[in-house]
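In what comes next, chain A is part of two complexes: it sits with chain B in the first one and with chain C in the second one.
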Partner chain A sequence: MSGLRRIACIVGKDLRSELRTKEALTSTVFFALLVLLVFNFAFDPGTRDVTVVGAGILWIAFLFSSILAMNRLMLNEREDGGIEGLMLCPVPRTSLYLAKCATLLLVLLASETVTLALFVLFFDPPLGGGLVELALVVLLGTIGLVSLGTTFAAMAVRTRTREAMLPLLLIPIAVPLLIAVVEATSAVLSGEGLGQEQKWLQLLLAFDVLFLGIGYLTFPAILEE
Partner chain B sequence: MTARATESASQPPADAWRVLVPVAAVAMLAALWASLFYAPTERVMGDVQRIFYFHVPAALTMYVAYGLVFLASLMYLWKRQERWDELATAAAEVGTVFATIVLITGPIWGKPVWGTWWVWDGRLTSTLVLWLIFVAYLMLRSYGGDGQQVARYCAVLGIIGFVDLPIIHYSVTWWRTLHPGAVIMTEGSIGQGVESSMLITIVLGVVATFLLFALMLTLRLRLERLQRRAIAAHERVREQR
Partner chain C sequence: MDPAAPAIRIVGLDKRFGYRVALAGIDLQLERGEFVSLFGPNGAGKTTLVRCVATLAHPSAGYVEIHGTRLSSATPDLRRHVGVVSHASFLYGALTAHENLLFYAAMFDVEDAAHRADEVLDQVGLCDRAHDPVRTFSRGLLQRCAIARALVHDPDILLFDEPFSGLDPTAADTLHAILERAHERRRTVLMTSHDLQRGHELADRVLVLRAGRIVHDGPASSLHSGEMEALYQGLIHGATA
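Entry: the complex of A and B
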C-alpha cells in the first residue's frame, strides 16, 4: 500500500467510528450553538454592529468547540488500547500524525459549516459576496488549529490532568492564529473583503505550514513508549 | 527510567555556583549603585526611568533562558541524554522568574509615564503570551507523567513555543504597538542618542543580571540532579525489597 492509501485507511476507520456514535460532531455543534447563545446575551449584537464583535464570537465558538473535538478523538484512542493498535500498524508514526490531522479537520469543517450557518441566521452580518473568502479564512484557521491540536491533544490525554491540559497548551501558542483569523474574518463580515488584509492570510499560511511541519516531525517522539 | 536516571546522577553536581555567588553579588551591587546614583535623572520621565536598568536586562535574560530551553529541547529529542532535559527544566523555570520580573517592572514604569498600568500593545502582549506559554510548560512538567514521557512532551512544547515567538511578535505588532522602540541599537548606529553614563549603567545591569541568571541556573540544575538522584536511589531500594 502506498503512504497515502495507508493514511486514507486510518482516516476511514476514524470517520466510520465517529459516524457510528457522532460523539465529536454532535458535541461540537451543540457546544458552538451554546456559545453563540451566551454571546448573544453578553453583547446583544443586534443593537451593536455585528461587524465589531461578530468575528470574535464566531472564532470563540470555533476554538472552544474544536477543543472538545480534539480531546474526544484522542480519548477514543486511549480506550481499549486503540493507540497501541495503531502503533503496531506497519505505518510510519509521521503518517499517523497526518491521518489524525485529516480526521480532525474533516470533523471540524463539518461542525463549523453548521455553526457558520447558525451564526448567519442569528446575527445576519453584511456578508456581501464574501462567502468564498470567509470559507478560505475558516479553512486556513482550522488547519492551523488542527496542526497544533493533534500534537497537544495526544500529549494532554496522557497527562495526569487529562483533557484539562489541552486548552492551557493550545491557546497561548495559537494567539497569532487567533489574531489573524479574527482580523481577516472582521474584514469579510463587514463586507470590505480581504483586499487590505492580505498580510493576515500570509501569516495564517506561514503558521499552518510551520506547525504542520513541526507536528509531523515531532509526532513520533510523542507516541514513543 | 532507572538506568537513565542513575547514569546522569553519577556525575557530581556542578560546583560553579560557589564562585558565582560572590561575583554575582558584587556585580548586582555595582549595577544597583550605578542605576541609582551614577546614571543621570532622565529629563522627561524622571527617576522612574531608572527601572529600565533592570527591566531591559531582565528581558534580555528571559530571551537567553528561553533560547536555552529551545536548544536543550532540540538536543534532547536528538540525543536523548537526560542532561539536556535537566538543562531545559532549569532554564525554563529560571527564565520564567525573569519573565515575571519583566512583567512586574514594566507596569511600575508604565503607570506614571503612560498613565496606565497595562496597555494591549505589541511588546507587552507578546511578553505576556510568552510568559503564559512557559507557565503552561511548567504545568506540563508537573503533570506530564513519568520521567521520559514528560521529557519528550516538554521538549516538543519547548520547540513549538520558541518557534512561535517571531510569529507572535509579528502578529501583535501588526495588531498595534505603543512600546518605546529600541533606543540603544537603532539602525546603523550603536549607542547614539543615549547619554554615555546611561549606556554604561545598562551594560553593567546586563552583566550583573546575566551573572545572577548563571548562578540561579547552576543552582537549579544542581537541585534537579540531586532530586533525580534521590528518586533513582528510592527506586533502587524499592526494587531490592
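Entry: the complex of A and C
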C-alpha cells in the first residue's frame, strides 16, 4: 500500500470513529453557537457594524472551537494507546502528521461550515459575491490552525493540564495568522474583496507552508518519549 | 535484512527519564525462534525494554537491531516483523473488534484482510463479539482483542508485555496455546510476565531484570518451576534485604 493510501486509511478510520461518537463535531458546533449567541446579545450589530466586528467574532468562534476539536481528537488517539498503535505500523511517522492534519482539517471545515451558516443567520453580513473569497480565507486560515494545532495538541495531550496548555502554546504563535485572517475576512465582509488585500493572503500562505513544514519535521520526535 | 543475524540484538541499551535510569547497559540477543521470558518487579524496566524494541521509545544510548538492521536507521518496513501486546490495547473504542483488525490489516498490507481478521478473532475466542464496539469490552475481552491485533499481520517477532494480565483462566489458557503455537512455528517471542510458572513453562530462556539491569540470564530447562520461584525471590528480595 502506498504512503498516500495509508494516510487515507488512517483518515478514514478517524472519520468513522468521529461519525460514530460525534464528540469533536458536536462540541465544536455547540461552542461556536454559544460564542455567536453571546456576541449577538452583546453587540446586536447592524449591517455596518458587522463589517467592522464580524470578522473578529467569526474567528473567535473558529479559534476556540478548533481548540476543543484539537484536544478531543488527540485525546481520542491517546486513549488506550491508539497513536502508539499507529507508531507500530509500517508507515513513516511524518505520514502520521499528515493524516492527523487531514482529519482535523475535515472536521474543522465541517464545523466551520455550520458556524458560518449560523453567523450569516445571526448577523446577516453583506456577503454579496464574496462567498468564494471568504471560503478561501477560511480554508487558508484553517490549514494554518491545523498545522499548528496538530503539533501542539500532540505535545499538550501528554500533560495533565492539556486543556489549558494547548491554547497557551497555540494562540501566541497563531497571532500573525489571526491578524491575517481577520483582516482578510474584514475585507470580504466590507465588500472590498481581496483584490487590495493580497498581502494577507500571501501571509496566510506563507504561514501555512512554514508551519506545515515545521510540524512535518518535528512530529516524529514529539510522538516519541 | 541479514538472514544470519539474530532476530533481536540489543547493544548497550540505556534509557533515562530525566535523572531516573530505567535501563542501564542492556546487552541481549534473541535468536530466531527463541522464546524468552523476562521477569522482574514493578519498575524494573521490563516495559521500557519492550517499548525500545518496539520503536515506541528512543534509547538514551545504545541501539537495537531487528534481523541485523538498526532500528534507529531502519525503514518503517522493519515494523512489519514485529507484533506488540502492551498495557494499552492500541484499539479504537468507537470501532468494532472486526473493524479494528481490518484497519491494522490494511496498514500492514495483509492479503484477504477480512478472512485473516476472522481467523485471529476465532483464535482468541472473540467471534461472537466481533461486531461490537471495542469500548463495550471488559478488560479481559480488550486484552484478547489486543492479542488478535498483534497477530493479524502474522509477525515473526512477538513482544508481549504482561499479556496474561486481565485474562480469566480460560482466556489465559487460550493465550498459552497461542504462544505455544507461535513457538512451534519458530516465531521469536520476548514476553514479560509476573507469572513465573507460566513464563517459565513457555520459555527457552529466562531473564530477570532488576533496576534496569539483567541480573539473571539462563536456559529455562536448567530450572524446575519451584527453583525458578526461589531464584527469582533470591535475586529480587535478596538484593533488597
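Operating definition for what follows: the second predicted complex is superposed on the first by the 221 of 225 C-alpha atoms of A that agree within 3 Å, B and C clash if a C-alpha of one lies under 4 Å from a C-alpha of the other, contacts with A are read in each partner's own complex, and residues count from 1 in each chain.
The rule we apply is simple: contacts are C-beta pairs under 8 Å (C-beta built on N, C-alpha and C of every residue); 3 or more make two chains touch, one makes a residue touch a chain.
All figures in this text were calculated on a predicted structure; none of them were measured in a lab.
Looking at A:Val38 after the superposition, I want to know if it touches chain B, chain C, both of them or none. Which is it: first, second, both, neither?
Touch status of A:Val38: no partner.
Which partner does A:Ala117 contact after superposing on A: first (chain B), second (chain C), both, neither?
neither
Just to be sure I read the superposition right, which of the two partners does A:Ile179 touch: chain B = first, chain C = second, or both, or neither?
Once the two structures are laid over each other on A, A:Ile179 reaches chain B alone.
Under the stated touch criterion, which partner chain does A:Val209 make contact with: chain B (first), chain C (second), both, or neither?
neither
Using the touch definition from the top, say if A:Glu224 reaches chain B (first), chain C (second), both or neither.
In the superposition, A:Glu224 touches chain B and chain C alike.
Considering only touches as defined above, state whether A:Pro92 meets chain B (first), chain C (second), both or neither.
Second partner only, chain C.
Scan A:Leu131 for contacts with chain B and chain C and give back first, second, both or neither.
Once the two structures are laid over each other on A, A:Leu131 reaches no partner at all.
Both chain B and chain C touch chain A; at which residues?
Overlap of chain B and chain C footprints on chain A: residues 224.
Quick one: in the complex, what on chain A touches chain C?
Residues of chain A touching chain C: 1, 6, 9-10, 13, 16-18, 20-21, 76, 79-82, 84-93, 224-225.
Using the touch definition up top, name the residues of chain A that touch chain B in the complex.
148, 151, 155, 158-161, 165, 168-169, 172-173, 175-176, 179-180, 183, 199-200, 203, 206-207, 210-211, 214, 218, 221-222, 224
Using the touch definition up top, name the residues of chain C that touch chain A in the complex.
Touch residues, chain C against chain A: 17, 51, 54-58, 76-80, 82, 84, 86-95, 99, 103-104, 106-109, 133, 142, 149.
Which residues, counting only chain B, touch chain A once they are in their complex?
77, 129, 132-133, 136, 139-140, 143-145, 149, 152-153, 155-157, 159-161, 163-164, 167-168, 170-172, 174-175
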